[in-house]
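In what comes next, subunit A is part of two complexes: it sits with subunit B in the first one and with subunit C in the second one.
For the complex of A and B:
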């Protein structure tokens, strides 16, 4: 019994330490956003009074509203287009099953293994030739066809009741209308989960926007944060406010849709 | 022969033919719709993944500065073996792989089996806390780590305060400690992510197996290694491959925490490709060759995963 009590205690200690380590950087981020850079650099652990000062400073160095708008615009537009194009494909591969299309599907799955590092140079030259460098369009375009989301939708369509499609066909409903008016409402939770995955990926994207975007007025929050922090003496007070701004939307999406978030992550593996 | 007779005679074999005809038109309708629905995504993937990866292969046979390039065949590959920065980047990537991936997988497994113990209090709270890091953006958390691990930063301050160390550790400026910092950072960000996969897989394990083991007097540690780990093998394999591919492409963290330094000690393959293409005078051909090294390892991994999945 004593041994059992000891192992219970060890369990709670281990979990508490892990939880503390996981949460501490969040606390550090919040505290630091209210402190001056000098305080941050000396490891001050309590909340300070420099939040407004940091925010104003950040806003004079970059147009925070515009940066936020750029990031949101790219994230929302590419998420909407990714969901439409990729869910259409997932639906098409599963509902109109054929041997040829399955061959194409398998080829698509293989492309999931291609590392982005091997694509970025040709993509960059393609965008240069198409005169699209330094545009938001070029940031979004290569991300719209997400093979992972196609795969995710196909897996989820497997349990979609096909009788609904047959019933609609008997009533003479056109195929695209079946997709929009029958499939979409039924698959709401799948769309929610896919939305979270794509939105997070897009909001957090760094390398491709870094290559494509040069003008200051087009930059996203990650690019701004990265360039601010690469200064020789980074002004961490200002930067921490920026990281809070960058983290709030993804945290909000996570807390609003926690259940779908986990479902989306693990759903594809089951 | 009169037509009515022929019609009568052939009516039997004509019926299935007619059916085939209507089936054929349905088949065509089915096919056209099928291609229409998948067409957009297939075209985009062909344009933005398949064409570039082939183009990259072609580029890798060329070399030159900027737009002036010449065909060098396998010249770039010979250059790879004589390039100290490439060899450094490759060995760094492998050090990250060999140390970080197994450590993180073990840690996530341990955490998920702790969270899976019956009658655990605050289960939801613990799970949420440990999962939360993977909601942050790679850039934001990298900057957080950069500030926490700076020479006079909070990590050194607390270690000094508790007396664990007597001199501050040069986390970001020493080749060895810089690697440690990167490994700690990645582990912080991804442990909870992997944990969620294990937790959801553990829910499918029959509880009576553990019950039987407990009655036989098998301890918790043994249960973990002899029951949990073997039953989770497919998920462990999946997460290992995903983490390995992620680490092969490591970029955001090194770019924002150490910028590959000090003295290239945290340089990774992706970072080197970026430098070759966009920081130095661009040499796209040679950069493409380096990128194919990543493709090569990713392909091996994919094959390995495919084989193991088949054996299952």
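For the complex of A and C:
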């Protein structure tokens, strides 16, 4: 009994420490967004009164409306396209049998091993030759065929009841209609989970947008935040408010789809 | 043809020709990284130029320094230079890396620009063979900022600090510590900045004139490391972590001095309560051969891309403002605290102003004089890699490892990394 209590206590202590470690940076970000740079530098850990001042400064330095429009446009469009293209691929790999299917699939998976740094320059050259540099299209294009999402959809499709497809085929439903009207509704939570993953990756993307976007009018929130922090004497209050503002949309998306996300991760077909 | 028709035709023709003139206007694009410093200064330069040449405007793109370098590397490495700007700001420590890794990428300007009007050390940074690339911009000329009141309490006058070695600096520091309880300086044990200052003051660097690694047998570096160790051991250096704590030791009055680049002036002056209590003396010197009392920390310069369609216009712009306009240098000193490496600037009114914060000392005039004397060194291609290797060994040095062993390890680590 005592031993049981002790291990429970140890568990709680461990969990509390983990919770603190993961929550503290978040807390600090919130606190810092309400403090002036001088207070942040002196290590102040309580809420201050400079929130409005920081926000006003941020708003004068950054065209928030435009930056949010750019970031949302890229995030939403690339999420939608990624979901369509990659789910089709995942579905295809699982449902249509062919001799070389797994060879192609394995080759695709292997490409996940190539670090982005190695792809960057060839990709940049491709975009330059296609005359797409400095467009939002160039930011989205390389992310749309996401191998990870293809993999994720194939894994989830494995538990999708194939009888549904057979039944539809017997009824003479065309293949694309099966995909749209049979597969989509059943896999709703898988799509939701994938939506969150892709949306967050796209919203937080930094390196690739940085390289292909040149004009200030096209920049995303992360690029703007990074240039705020590069001053020789950075204004931490403004940067923190900017970071909070940049975090809100991903939080909103996550909480709005949290239920489906958990369901999607634990297996979508009941 | 009626009179009115002629009038109409003439008006149309005039209209067209004016439209043509507008279409010919040149917009120079620039990449820089600090909205309050180099970006603002370049905007000022652009406005001054446009006022004289209405057909040229300057547009500055504010991009973080690391990001700027990443973009520049990607474009130059892929050869896709279409999206590069006309002018780009590059940090001096990194300049050779770009000039050597991408030959032909930057425009040589020695035929157009009179480089003798700039601090020689700065021109050296952008020279390869007989070609000189770029326009020197700000300098990080160093000085020893000290609190006259604290040093007076310990029995030292301004005279006692004018021409000293770092050894003497440590002795003074010990007295200050004993009599006032304050440390002589703040030092971040992870930041080799002060070591670089000491090294360059003796005309030495991690690399020799030909760019070969020169660490193991580098007398200036060895003495610098010994000094840092002694400062820490003797307790005259207050350990700090990161930039804000380091500056904090000065603003809160915990330390009696700070020796670094002129760009710290704004931070030193940020506590108005200390007005009149500060002075600036020349940087203390080493005892090795070639030791001087001037050095540099940081600084950057403007480069024109060879791929730019507006190359000639960009060079003409830089040449007119940055190498001739003394008034411009007065303005950026007053507005932004920027000390240019253009030597003629020091004669201007702003440089000759007596600063009440420094009890009437003409600090910028002193800094301007020192700028001209900064020893030339070859920053080579791998200053940051060398810095990292040095930082990794600093804890061992401070814990008592023999200096020669430390030097050997740094050289080994650096060689492993860059080969």
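Keep this in mind: the second predicted complex is superposed on the first by the 241 of 270 C-alpha atoms of A that agree within 3 Å, B and C clash if a C-alpha of one lies under 4 Å from a C-alpha of the other, contacts with A are read in each partner's own complex, and residues count from 1 in each chain.
Criterion: contacts are C-beta pairs under 8 Å (C-beta built on N, C-alpha and C of every residue); 3 or more make two chains touch, one makes a residue touch a chain.
Not measured: the values here are computed from a predicted model.
S.K.: Here subunit A is shared; do subunit B and subunit C fit on it together or clash?
M.R.: On the superposed model, which is not a single observed complex, subunit B and subunit C clash.
S.K.: What is the contact status of A:61 with respect to subunit B (first) and subunit C (second): first, second, both, or neither?
M.R.: second
S.K.: Between subunit B (first) and subunit C (second), which does A:161 come into contact with in this model arrangement: first, second, both, or neither?
M.R.: neither
S.K.: Could you say whether A:134 touches subunit B, subunit C, both of them, or neither, answering first, second, both or neither?
M.R.: After superposing on A, A:134 lies in contact with subunit C but is clear of subunit B.
S.K.: Who does A:18 touch here: subunit B (first), subunit C (second), both, or neither?
M.R.: A:18: touches subunit B, not subunit C.
S.K.: Is A:179 in contact with subunit B, with subunit C, with both, or with neither (first, second, both, neither)?
M.R.: Touch status of A:179: first partner only.
S.K.: Can you tell me whether subunit B or subunit C touches more residues on subunit A?
M.R.: Touching more of subunit A: B.
S.K.: Tell me which partner A:85 touches in the superposition: subunit B (first), subunit C (second), both or neither.
M.R.: A:85 contacts subunit B only, not subunit C.
S.K.: Between subunit B and subunit C, whom does A:229 touch in the aligned arrangement: first, second, both, or neither?
M.R.: both
S.K.: Is A:214 touching anything from subunit B or subunit C once the two structures are fitted on A? First, second, both or neither.
M.R.: So A:214 only meets subunit C here.
S.K.: Where on subunit A do the contacts from subunit B and from subunit C line up?
M.R.: The overlap between the subunit B and subunit C interfaces on subunit A comprises residues 41-42, 120-122, 124-125, 207, 211, 226, 229-230.
S.K.: Using the touch definition up top, name the residues of subunit A that touch subunit C in the complex.
M.R.: Within the complex, subunit A touches subunit C at residues 41-42, 61, 120-122, 124-125, 128-129, 133-134, 207, 210-211, 214, 216, 223, 226-233.
S.K.: Touching subunit B in the complex: which residues of subunit A?
M.R.: Within the complex, subunit A touches subunit B at residues 7, 11, 14-16, 18-19, 21-23, 25-26, 28-29, 32, 40-43, 45, 85-86, 88-89, 91-93, 95-96, 98, 101, 104-105, 108, 110-111, 113-126, 141-142, 144-145, 147, 150, 175, 179, 200, 203-204, 206-207, 211, 222, 225-226, 229-230, 234, 236, 239-240, 243, 246-247, 250-251, 254, 262, 265-266, 269-270.
S.K.: Under the definition above, what is the set of subunit C residues touching subunit A in their complex?
M.R.: 33-37, 61-67, 70-71, 74-75, 77-80, 82-83, 244, 248, 263, 266-267
S.K.: In their complex, what parts of subunit B are in touch with subunit A?
M.R.: By the definition above, subunit B touches subunit A via 30-31, 33-38, 40-45, 48-53, 55-56, 59, 110-111, 114-115, 117, 120, 125-126, 129-133, 135-141, 143-148, 150, 152-154, 156-158, 188, 192-193, 196-197, 200, 220, 235, 238, 245, 248-249, 251-252, 255-256, 259, 269-270, 273-274, 277-278, 284, 287-288, 291-292, 294-295, 298-299, 301-302.
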